[in-house]
């Protein structure tokens, strides 16, 4: 499958431009009804994903990472208010409806943390996998099933014919997640949104699934938004990494440099808080307090300031802007000053 | 302190635990590492009496507990020997009880203290786990996941056990909260010399908290030794694979040449 | 797992009082509660409130419309309707109350035992319940009447037996769910006895469901008992009872004197609807409070 294959029924694109931004998220702000009032869960989120690129989205509870993916896939809960724009291949996603929206979802596929919660337990795997092909792209059932079997082989499931006849409960978590990946790829998407796809899996199964994703991405030239709480995992499998806190982006960095040379105190603190598999520490460097949602964080100042070891008065005078620094971006007023002093290796 | 020998558990045809033996010294810390299906949680359940072993012996604090407790006082005594903190902070507390009520119930169960003494001890316990006055009066739904785990730890400690089993107790927590709770556990060990049995799939957490480690796979122990040695110089193939699967900078995940046989 | 959308409520105060729970059911729920409260008062103080002797009969006054001191007129046997309604409330409401208390007790015990012991005990209890399902309430009541003679007690016990499997089936599900929560395992490991866990933890956590079930069953019991009395197998005339009153005065409908039959029916409907509505709303609120 070459990079510029035509996709049946896809939104028209003027050919495939390598390195052009496939997905552009600009100043995305989302408010959800929480206990009666509209509260912000995402604030001013902007980033691009280029064709074939893997972007990691890292954060803890309340960071807004899952919400971002849902906004992109138009899966926000009822009552959500969205400001800002999300553009896929040049077209505005927010205004898509009906057939256009279904075609969009064929181009932007999503896989979730718990596959069992997203699959109908009373339908066979085959029905579920071929559904999008049959209903949206009018592919005849036999052809769809053949493609499904082929895709299952690609994710390492050899006896695809038999698996198509099985029900979800007959498969283990790892196997089902691989089926979900195969199903997501059947519509030949250009972008894969993966929301903590391996968090619920054993670490050896996780390695297997990540290897599969890596191979498939290369083969289908697939871009990926990979959401995780695991900084090391994102750093290892993504090209670039975005770190989120309290509904905002606090750092964007190439994955390789994120761990050793972070640009934001939160990233550094997150990396330092993890126990080291190589040695036991007398005490871990825990971050005081707990991670906050956008609406819980103090307004009008840096959301991380109350917990930040490097906070100064200036941090509380206003919400810091994202500044460019050494190929990355950081939402810290002291970013330039703290450069080189935040890394894990660089002590306090 | 805790000695397990030849432990075996069968669920019908399935052998979940096969010939597992280990010993935990006083004030020691042992980790049981494994993935799903390894049997590690079943071993924990057998030690605390939630499952009955098919074969084998478990001796804690000099008392045999391989068979179910005979009497109510026997059950309570066992509760004072071994306690457990589970994984899920969201179902491990009675939603209708405040933190203080939860701890008070345990204190009333194990000690015949007057009300004032109990109240004082509840305050000591909540201080020990880092909960403030407001949190102590709250219901579980008013507490975050990390706070609930602290309550679960306080509840386990209220029985003043000699052995504390932590069954993936930090797995469901955010990284920054996990670090706080791991520090708390280290502090508790220093202050009370309780022995730990840590059940975990997370090798970094194991390295941080446990001196000894056993690795389980499909119900059996495949490797054992000092944690440092097991993680830095694994001998068994499965342990090597486990170690190699941990993400780190420069890690390139490999597809297994033989896909492990999964069910059906 | 959306911790963003579920903000930690900073002041989750314990023992969310019965009153605040009631207030949360809205004006409809409060209205229903008022109706029930009134009905209860009448059930207790009926005989004191009744202006006339409900059994005093003057056949020359039968079917007479409301007049003078008789606000609702007379029934077919010349007895004051209002007094009969007020005094009849007693059996009409206490009867179902007895049924509900009996079957809820039996159902809870069976459900919790089955859920706690699981395995063979659960299977045996469930099979037993399945057998009990085969007997409809009215049928059992007829059976009881033929064996023990007609009367409120036999009818009430028969109904309680007939309702028990419904209660047990529903509560068993909730009990199983509660039993599988990790706090139950934690309490077991502490050495808390099974009875203490069931009574102090399992059942209290099932309370919203128990209350909801009770109110719904009250409505059913009321209608079933009225039907049984209507058939002559429950409360016996001349005792006033709303079901009996419908039976006695149904002839009046075709003769053009509907009041004496319709009013007791209306009372039954009002009380049953009030219980249903309140029960549903309380349940909703209790579920929400538990989140």
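Labels A, B and C are assigned to the chains in the order they are written; within every chain, residues are numbered from 1.
Everything that follows uses one rule, which is that a residue touches a chain if its C-beta (ideal position, glycine included) is under 8 Å from a C-beta of that chain, and two chains touch if they have at least 3 such contacts.
Because the structure is predicted, anything quoted here is derived from the model rather than measured.
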Most distant chain from chain B by Cα centroid: C
Two chains sharing the most contacts, counting C-beta pairs only: A-B
Inter-chain centre distance, chain B versus chain C - centres from mean C-alpha coordinates, in Å: 47
Between chain B and chain A, distance of the C-alpha-averaged centres to the nearest whole Å: 32
Distance between the centres, which are taken as Cα means, of chain C and chain A, whole angstrom: 53
Shared interface positions of chain B, touching two or more other chains: 144-145
Per-residue overlap in chain C, given as positions that touch at least 2 other chains: 3, 9
Interface hub residues of chain A, defined as touching at least two other chains: 61
Residue ranges of chain B in contact with chain A within the complex: 35-36, 144-146, 174-180, 182-183, 186, 201-205, 207-209, 227-228, 231-232, 241-242, 244-256, 259-260, 262-264
Sites on chain C touched by chain B in the complex: 3, 8-14, 181-183, 185-186, 188-193, 201, 204-205, 290-291
Chain B - residues contacting chain C, complex: 48-50, 69, 72, 75-80, 82-84, 86-88, 91-96, 98, 101, 105-106, 109-110, 137-139, 141-145, 152, 155-156, 159
Residues of chain A that touch chain B when the two form their complex: 60-61, 156, 158, 166, 170-175, 202-208, 210-212, 214-215, 229-233, 235-237, 256, 259-260, 269-270, 273-281, 283-288, 290-291
